[in-house]
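Okay, so chain A shows up in both of these, paired with chain B first and chain C after.
So, the complex of A and B:
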């Protein structure tokens, strides 16, 4: 009797100790998570329903910010959101497909048994991804400098690249691709290296062409890495900020002024902060990202079946 | 016969396309490097010339001695301090949390972890404005803490490290616990040594991520002397670029690129591994 009591006590004590121990381990991260992710997210939703200048306490205005942004064509916020979102979508449409297709093509070429120096090629394509976008932008601005840059001097052209469309977008796209194909390339290569040679050899015996093998064997075998890279590249592209800021400052005539630039200026710009409006715009941008990611999952899943 | 012919054709076609792409990919960095050693009169020459007429160190001497409008040495040291501290803190906090979620038994453990993970998946753009308010309240604006600490909250690294810890046999902890080892001893002496490669990978990624971060530092650091080198690049166009001082501009950009590129050369193996980890191809 006495013995079982003490055992029970021991078990209880052990359980109690476990509870403390668990918080020693997950506690520090959990606090950071609450302070810098959960609370800001909730506060961001709240702020989007307020008028707020970041310093004094926010004033509740209900749906007013959303009504202005989405439904008041006379408001500059409406025009900024619309223009910013369209420009962001142009960036997404201009970069994401190539962020998948170019590394996929390179990965297939690097898979060729006759190619030597694969590691060197991979390193050349990968290293630009480790360079900050701001340093890269400074370099690309020289490359496309109308008078001193190698591009115009090599081609003998006189295009003033970053101040004219469509050239401004072309420079931004190229510089983005330069810094973003390496990661996807490595993922595709390692996925392809996992495909059994037997599959290709069996297809060869059936007389399948390279195109057939690519669509019937390679693509289905790497569909999950492919889906992962498409979703991640798209979400990343929606957050575009540094490239247009550094290369074109949003010009010419605000045609490359992306939504993050407007959000940043509204919340943290020189004049009076309109953080409530900026918060509403960032919620809307967040929703667009989620909807598109869900859409991509659905399509890919259906096709994969 | 036909097979070998197509093998040779596709091989050479691949070589040509790969080489052209590689040349385009190399040109900017190589051109920036050589330009950083050109004299100003050399820079202003039109016509394409890759190599300097004579190699000079003037541009580096100039940018390194600028201590007012673009104090690049200071920025570089700021970045080293910030990225290193961030990385060390991250490894400690993340490995502790991953141990808790993977190796300890407590009620609602997995529910709690996956709730935290799901919440963290919401696009981070929403957090930026409130995070500024928090950092401001904490009195961290214009201090390194503003860029060191908030990133520690990210859940992706916890997920990755937890995956690896879950894969280790339970018997390791149990036999150690029999011998009277505490949870902390098990964490430090048994689990951490076993998952060292994953911790190295997450460290490398945290370091490069922190070094290259642009948007957040430009929001919370507005004193020129407190900037990171990545955020500082924003000012250089006005200081050197508008005066066509391309040599100094390229020397600055080159200094900003060195640490992460060097890290790659020394740890290429881990970089490639880590990309495989993220997609869960090998886990």
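So, the complex of A and C:
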């Protein structure tokens, strides 16, 4: 009797251990994760220690690529990494705060009871994010065309925007914000709709101002969506590629040539690939993103406590 | 087998069947980088060929990012196409990595596939160590378009009496043009610069294969362009000079032969073609490249199929006038000497041996690095944002570093050696 019970228990345990249906559910994603994310990440890490032209086998060179990128000022790869990273940081600093502040302000405005057609406004802000960067760049380049564009004609300006700084960055920032605020707006609106009205009514009874309600109720209540959007916007901004490529081609004087453009050119540009060096730059960029994201998490959690 | 397992098995079988269905052993699979209108014209040519009912019909696959795709499939050994259209500067690298099979054996059975039947520069671009690795399809060249009406308006049609516009002639327009009108634009400026450097006796590499960008010839060539810009004769930086030529505010546009397709669509634009400007009318070049058919290395391909490839190339030799519709110069003598081809603007470049000789094709293995490095600095040099010395030195350094990396991929680097060096 005991023996048969223990056998049944064992069978049940086995059944618990291997349940086909759960694997069917997570299987496709798991396979895609391993094939398209985990394996390329590991191989990219390995490639960063090699010289590799994508044709022949990678040749192990140890830390040489990293030494060149970080410690050899005579090398063009050193200059590219330095310039690319600085330009990328400029882009991050110029877009991420606004990618959070503008949709947050819009979300608060759309929370107001008196506003009609909230869905329409949300759609208007969201739709640009669905348009391809290439198509958007053509439109923005026309808008800022020095002779034909409405901006110069309305302002009576003769500025050639995309070849002069700081105007080149301004066009890139504007185009990026136009395409990215809709996504964060939806997240903030969704999070705000979950805040109990009771909290605001209680604050009203206590005589709290709008600013106090925003900082003491709204922000704490949407803390995690806010953190999520800050981290994701930052990571996305560090990976910027298409906007400067389409608008300025990295100019003028390579001041908008971001790191991903250098990496892409090294790995898949004209001529033989320099994939090892490109992989090393990618790893370093990845490390920068991880460090900054970790820092952001720490600050947010620290403040939450 | 329970229902879940059946479902899984069914899905796996379906996937494998779909993947297997992608290939056909009797089909010559050809990859090309022809993503624009030229791709549709190639489709049309392939259709014409397949209508002849060949034993091995051709399947044309337009492949964006062609070279990365080729490297990938050849690394894995799976899905390698039979044929690919590659550019002239890629041949040497492909041969060095054993990616191309020579046509030498097949040429014996196909008398059309010989050097004399093609534009020489396009043919020799495929010749490495005495073997012929590619058969040319075309030459696509830099060309100077001119606006006939504007030349007449300023009374300078005589500039083109000898078919060569010189820098002196361009500079003579200083102060002569109406406001908003310009002499030249900056389309394909790096191609123009390279041709000027060669006009002055320079080159992009020396006999040892080292890049030669920061040279006196290149500096002189850039300086000439700077002077044109400083004289207010070049379209302003940030303006779309290509569109301005279509808008009839620029007298000359240095572009590609293929741009004629777009210019043809502009109403009232009366234009002609001539050689890219030069320092004097005795020496001039038109920088170009060539689309070349290369047979990619594949152990599994049968000799019969390779014979099918040669038959297709034979057909292209006789019938590629269709390709001229893409704005290209067919490399086949039978085509470029035919009366049909005379109807196309780009026949200007094959009207005499002197013109054919002006077609400048770089087959330097690291040409891609050179063009990319020059493109990074040329506009800033020409518009005075950086000095010519700094720009060319940066480009030279960049190409040298890239070439060192390219070579480094072939050698086994010993860690102990590295430590010693450090």
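The working rule: the second predicted complex is superposed on the first by the 270 of 305 C-alpha atoms of A that agree within 3 Å, B and C clash if a C-alpha of one lies under 4 Å from a C-alpha of the other, contacts with A are read in each partner's own complex, and residues count from 1 in each chain.
Basically, a contact is a pair of C-beta atoms (placed from the backbone, for glycine too) under 8 Å apart; a residue touches a chain by one contact, two chains touch by 3 or more.
Because the structure is predicted, anything quoted here is derived from the model rather than measured.
The superposition on chain A brings chain B into a clash with chain C. Within the superposed three-chain model, A:114 lies in touch with chain B and out of touch with chain C [touch as defined at top]. With both complexes superposed, B is the one of chain B and chain C in contact with more chain A residues. Shared-chain residue A:147: touches chain B and chain C both.
Judged by the touch definition given at the top, the superposed model places A:130 against chain B, while chain C stays out of reach. By the touch criterion stated above, A:268 is placed in contact with chain B and with chain C alike. Contacts of A:212 after superposition on the shared chain: neither chain B nor chain C is touched.
Legend: residue contacts after superposition of the two complexes on their common chain; A:21 is shown touching both chain B and chain C.
In the superposition on chain A, A:183 makes contact with chain B only, not with chain C. After overlaying the two complexes on the shared chain, residue contacts for A:64 are found with chain C alone; chain B is out of touch. Of the two partner chains, chain B is the only one that A:228 touches; chain C does not reach it. Chain A residues 21, 24, 54, 145, 147, 268 lie at the interface with chain B in one structure and with chain C in the other. Looking at the complex, you find that chain A touches chain B at residues 18-19, 21-22, 24-26, 28-30, 32-33, 35-41, 43-45, 47, 54, 102, 105-106, 109-110, 112-115, 121, 123-128, 130-143, 145, 147-148, 150, 153-154, 178, 183, 186-187, 190-191, 194, 204, 210, 224-225, 228-229, 235, 238-239, 241-242, 245-246, 260, 263-264, 267-268, 275, 278-279, 282-283, 285-286, 289-290.
Residues of chain C touching chain A in their complex: 4-5, 8, 65, 68, 71-72, 74-75, 89, 93, 97, 99, 236-240, 366-369, 371-372, 376, 379-380, 383, 385-386, 394, 397-398, 401-402, 405-406, 408-413, 415, 418. Those residues of chain B lying in contact with chain A across their complex are 3, 7-8, 10-11, 14-15, 17-18, 21-22, 25-29, 31-32, 35, 43-44, 46-48, 50, 92-94, 96-97, 99-101, 104-106, 109, 112, 116, 119-120, 122-134, 136, 149-150, 152-153, 155, 158, 183-184, 187, 208, 211-212, 214-215, 219, 230-231, 233-234, 236-237, 241, 244, 246, 249-250, 252-253, 256-257, 260-261, 263-264, 268, 271-272, 275-276, 278-279, 281-282. Residues of chain A that touch chain C in their complex: 20-21, 24, 51-56, 58-62, 64, 75-77, 145-147, 160-164, 250-254, 265, 268-274, 276-277.
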